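Chain IDs A, B, C and D follow the sequence of writing; residue 1 opens each chain.
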Amino acid sequence: ACGGSGDATGNGDNKGPFTIGVSNGFVGSEWRTQMIQDLQSANAEYMKQGLTKDLVIQSADTDVPGQIQQIRNLINKGVDAIIVDPNSVSGLDGVFKEAKNAGITVISVDQAVTSPDVTNVVIDQTEWARMSAKWLAEQLKGKGNIVVVNGIKGHPANEARYNGVKEVLAQYPGIKVVNEINADWDQAKGQQKMSDVLASQPNIDAVWSQDGMALGVLQALEAANLSKLPIVVGEARAGYMQLWQQVKSKHSDFLSYGVVNPPGAAVSGLRVALQLLQGKHFKADALQGTPKNTLFVPIPGKVDPESFESEFAKVKDKPASYCLDGYISDDEAKSYFS
Amino acid sequence: MRRIHISSALSALLLAVVLFVLGGILHPGFANYGLVINILRLAAFLGIVAIGQTLVIISGGEGIDLSVGAVVTLGAIIIYRFTNGHNELFLPALLLALGVGALIGLINGIGVTALRIPPLVMTLGMTGVVQGLILAVTQGQMIGDAPPFITDLVSGSLILGIPGVLPLWIIIGLGTWLLLERTRYGKHLFAIGVNRATALLSGVRVSLVVVLTYTLSGLLAALGGVILLGYTHRVFLNLGEQYTLPSVAAVVVGGTLLAGGVGGYGGTMAGALVLTVLTSLLTTVQLPEALRMIVYGVVLLLLLAVYGRQRRLRA
Amino acid sequence: MGLIVVCMDVVRLVYYSMGKLSLSAQGLVKRYGGVTALANGSLTVRSGEVLALMGANGSGKSTLSKIITGAVAPDKGQLVLNGQAVRFTSPLAARRHGIVEVFQELSLIPDMTVAENIWLAHEPLLALSMIRRREVQSRTRDLLNLFAGTVSDLLQPETLVAALSSDERQIVEILKALSHQPELLILDEATASLDKRQVERLFELIGQWKAQGMALIFVSHRMQEIFRVCERATVLRNGLTVDSRELATTSESELVSLMVEQGAVERYTKQTQETLSSGVRVEVQDLRTKVLRGVSLQVHEGEIVGLGGLRGQGQSDVLQALFGAIPKTGTITLEGKPVRFTHPSQAMRAGLAYVPGDRGQEGLLPVRSILENLQLPSWAHYGLPLNMRGASQEASEITQRLGIVMASLQDPVRSLSGGNAQKVVLGKWLLREPRILLLDDPTKGVDVKAKSEIYQLLAELRAQGASIVIYSSEDEELLGLSDRVFVLHDGLIRAELSGETLTRTELVAASLGSAGKDSRV
Amino acid sequence: MKTLTRERAPQWRRVITRQSFALALLLLVIAVLINYFLQPRFFRPVTLNNNLGTYLPLMILAAGQALVIIAGGIDLSLGTIVSLTNVVLIRLLGNNPSAAQVALAIMASMGTGLLAGLLNGFCVAYLRFQPIITTFATSFIFTGLALTVLPTPGGSVPGGLLDFYSSPALGIPLALWVVALTLALWLLLRSTRYGRYLYAVGGVATSAYLSGVPVSAMRLSTYALAGLIAACAALALTLSTGTGDAHIGDPLTLSSIVAVVIGGTRLRGGQGGIAGPMIGAVILYLILSIIAFANVPTWWQTLVNGLIIIVALIGPGLVSLVRRRMV
């Protein structure tokens, strides 16, 4: 009962062109808009090849029932596959089953879901967080006070990431989390709350943060006129790296780190969806998780002090909200299939 | 009535001070100069965004402006794009931002008066329209830069580490007080908030005042966005959203009645301060987030118990 | 014939317990902040009598009544009901003892129907607290029948109260109180909004209730009413009960001197004929609104024109149409120039002023200060920023002139007594020194002293050349003040009275319409 | 032109005033027709059944919100009560619950909703706080509690319950049964003294008090009822999504208020009903579908959504121009 193995559409000679639907339940972030743009440009290629038709995109701020409605609309529009960035881990299971019963391939990107009727094509969020936490612990040599700036409390991605961090920190008893705050992935809130924390906790050795709010955190740190800046785990985004560059010119010893969280994961999802639509089957060990429905695509990279200059060159002229990106190629996608 | 509303503004202010002191006791360093300045600065954003909200709520007729958040974002984006970091372009960009904000408010006002759309839905629909326009025009790509003038005003120090935005807030606050208490418009605004029939029969141009009020609200929200840009230096799609409901809360905590016709901006300023101090205080206290939220809610209720109570039914 | 039916209804509807009720209030005190609303209020009332509660505006009549009905909590003093001390913690508690009030500022809910309002909180019920709709309807109809013939037939159980005129609301409020079958009924200025015939009907009913053993407290500023229905009068002055008198042995002027310190109460001042030859200021031709069916009239400079007739025959429409507050057709010329006001502000700029007949709905901003209420139409004259000192000064002059009892100009109008609030409604337009003053029952609920002050003010305005158009529900007032009276009936002018014909008999005759064939009369 | 007409409402106008849902119904018909032309598949029984199941939580919640608003209040915490009762339900269901456990979990979550509503009601009715700020404050308390009960989203609902929720009963979608039941209860309630009190308190509270209506008790009861109704909405939401999430209901607050307004109930209170708000909730979701099927380009969808909401309300607005007597 391996999800999304394409058995519903099952006829291997199906060559398209396929109609791909996209359901996005949140529009208030640049990460999501970049994701949609990535999808559109990747799809343009496929359209040229005659493999797909125009994307059918449903993108609006909505709640879980609203997203259920979005997906149901896509089903009724008769798409062949749906790429969904879900608002809920298991709340969409019912409508996913409806999709599957209608013979539609569903791919979840950005956030893994529990439904066996869906294939998750995501980066491993926990691993993503582990990477940066490990780097941080090593820089601190296992000792010091850190502040953690998290996203929305209770949001699955936030919890997955913070679990990764906690896992790593458990191995370093010398590192003390002196404050954990939630800035809801909002740059301005990150900035506000970081400055509050700074005023009351002068002895901070490092800050672990992520996403758009990392930029706010760094801004607050810079504005505080500290003699020595704490080490910051931030984000591989143009805006953050531009500020990083600026800060470095004042504080040569400033250390930071960012892991790429690619909006292009959706493109990876699209590539996998097309393989499935063409009747391919996953290799036995390609999928992980319980249920076995998750394809972890590689994390495209990281920015650390060593690689900063070369990575920065890539984003120097990008808008601040641009995220370092990456997705699997068609060949890589094929490699997951037998 | 005046006595009552000044006293609620005053008690809100006192509460803010009490919270400061409490913070200082809980956390040596909380009440330090830098943080006080920072909190005042944060309160200034909320306070400026809440000016228009104050006017709209006073205007009554179920008046509320839920589009302020979107207009804040739009105001910031306009400056960001059109100045692209150049001070010379700030003034024209500012005029453009304020003009666009006013235009949005004007449309809200017309919708509410001429087309009789309930303000809540009109302004919420407008939020969608503004957000939608931002998305349609930018496609989520925020290109540009903040002009140094505005970042200096907000993040820099005028004297003694006080950023220019604080005196600016006080000046705008005084201006708003003057507008409400010492102009004909202000007097008419309160009148329509209490009873539109009475106002009409006393020669008040009710629709005009309402339209003007929503227009002002749009303009001031755009101004709030401009100033907020000076703080964040960058714009993003959700920049202003976090100010929509708190702007309503600041107004109501400040003693303005949601039913309209009673209130003032002094109360809103104090309300903005109370909400900001409370958030900051809770941020610095090391508590699990869930507990922070519970404490925030409980403290807010306690604050209301101190002064935010309505009249008795039995005299 | 109709009357017999009505009487039977009354008998069927109103059963009184045969036990005698006697209630006395002793030493009641009520303070609001620094203001003493009632310093020492006392009265005694028994079954089968009508007690007049008298006093100038703000003397504490309403406060005393509300304490008796549990709507206001006294600071001191006690109520003794049938020899036992009682405390009413809510209007509901007082009602359980058969004590009910017709509130001066009414207690109706505009978005509910007449029937729903009347039976609110004591609806006849089925099981599960389901309302007996039929019974509510029919009993409401019975109650409305008590005033049949004096109100338009659009006043039905299903009509929304929001759609009623102020006299109809007053009647609904009276019927609402009556529906509780009270043993003690307090009527707080229940006649102020009613016209002559409605008052007559109420008095007939009061006579019947009294005969059946109801006790009544009757509050009014109209002397002739007091002398007609009451046996005794308790007089309040500055919150103190100063005396209680048998009316049979008391004269009107004695009562007045009890109420106000100096009993100098002058009546109306009439103009001599000469002004009529002066220029025409307002000329109205074929004015039509939803109620008016073609009204033409002229108003001269320095003239007071009265609009007579029963309530609701279109008098208010004439005033509102002149003021640009309602849609209309026809031509209005102002000093020779045709004008088309579509908004009151235009009328205001042309020198018109309009005192609406319904202060609660159209005249006041209850939560705003007295100052702001008085100056609402006038702020344009105080510059930018507003000269608040000037505004306060002028406002306080007019409050002194009108004798408005208040603690400070900054107090909300809500804290004023009914009569004082009415003076605010009038005062805000007197401040504008209008050239054309439109008055809709301007002295409603105003005490004798203040009334004479208002008459004098009107006379001064007229002397300065102002034109005044006034509707009054009090015939004496209308006849006493006006140079000419146009009597309206069913949206048309039926008579113009002036000089010789300006008499009560003519007025009454014309009020009833030409032939009395109209069912709406 | 502003008018101060004194004339009485004719019958048809009275009908529109009292039957406040009439215009929402019209909007609904239009939205349904547009949907029908754009996507006939929408009306296949299975799809219809599933869709109604999805709409039901907001419909129920809008009814609760309407109750509070009619009585002159407003509840900004309803969405968070949905979240809170959702996580309580999920936590107590656990894995493979017995029938008794299911009953217990449902009762406990209803009890939680009731308690939450009582807290709101107590603050508004007896402590006399302004409703909007009170419920703004308590919404933080409820979210905090929800996060404590269930820190990470998850949990599951027994398949039997999910099937029960998604299968039609006697050939009619379950949601329709619930709606019918709700409306029947409402009609019943409205013909009781309680119903009268509701409108009286929302109309003019002081007049209601002078008339002998127990105003404070009424206020308390509306918030408590709304809390209970929010728990019912949470039950529907839990059964339609099968998940627990401490934030799942949060966005529903604003939608419920919008649904009430679209449904023709004014925010000032004292007027309206719950049929309109329930219709309003459906309209909100139908707008999403219309946008989907009108092939609105991606970047314009949010814009069009906002415009539709505004435009949809211009019609009723114009009619209310006739309806309102003043300004």
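Quick note on the criterion: a residue touches a chain if its C-beta (ideal position, glycine included) is under 8 Å from a C-beta of that chain, and two chains touch if they have at least 3 such contacts.
Predicted model, so just to flag it, every value in this text is computed and none were measured.
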item: Separation of chain A from chain C, taking each centre as the mean of its C-alpha atoms, in whole Å; value: 72
item: Whole-Å gap separating chain B and chain C, where each centre is the average of the chain's CA atoms; value: 44
item: Distance between chain centroids, defined by C-alpha means - chain A, chain D (Å); value: 34
item: For chain B, residues contacting two or more additional chains; value: 131, 135, 139, 197, 199-201, 289-290, 314
item: Contacts with two or more other chains, residues of chain D listed in rising order; value: 2, 4, 147, 151, 206, 209, 301-302, 305
item: Multi-partner residues of chain A (at least 2 other chains); value: 27, 36, 61, 153
item: Contact graph of the chains (line, ring, star, complete, other); value: other
item: Interchain contacts (touch definition) - all pairs; value: A-B, A-D, B-C, B-D, C-D
item: Chain A contact footprint on chain B (complex, rising order); value: 23, 27, 29-30, 32, 34-35, 38-39, 42, 131, 135, 139-144, 155, 228, 231-234, 236-239, 241-242, 279-280, 283-284, 286, 288-290
item: Chain A - residues contacting chain D, complex; value: 27, 36, 40, 55-66, 68-70, 72-74, 76-77, 88-95, 98, 114, 152-156, 159
item: Contact footprint of chain B on chain A as seen in their complex; value: 27-30, 32-34, 36-37, 61, 150, 153, 178-182, 184, 186-189, 191-193, 195-197, 199-202, 212, 215-216, 219, 223-224, 239, 319-322
item: Chain B partner contacts - residues on chain D that touch it in the complex; value: 2, 4, 76, 123, 127-134, 136-145, 147-148, 151, 205-206, 209, 215-216, 254, 257-258, 261-262, 266-268, 299-307, 309-310, 313-314, 317-318, 320-321, 324, 326-327
item: Chain D - residues contacting chain A, complex; value: 39, 41-42, 47, 50-51, 54-55, 57-58, 146-147, 150-156, 162, 166, 237, 240-243, 245-248, 250-252, 255, 285, 288-289, 291-293, 295, 298, 301-302, 305
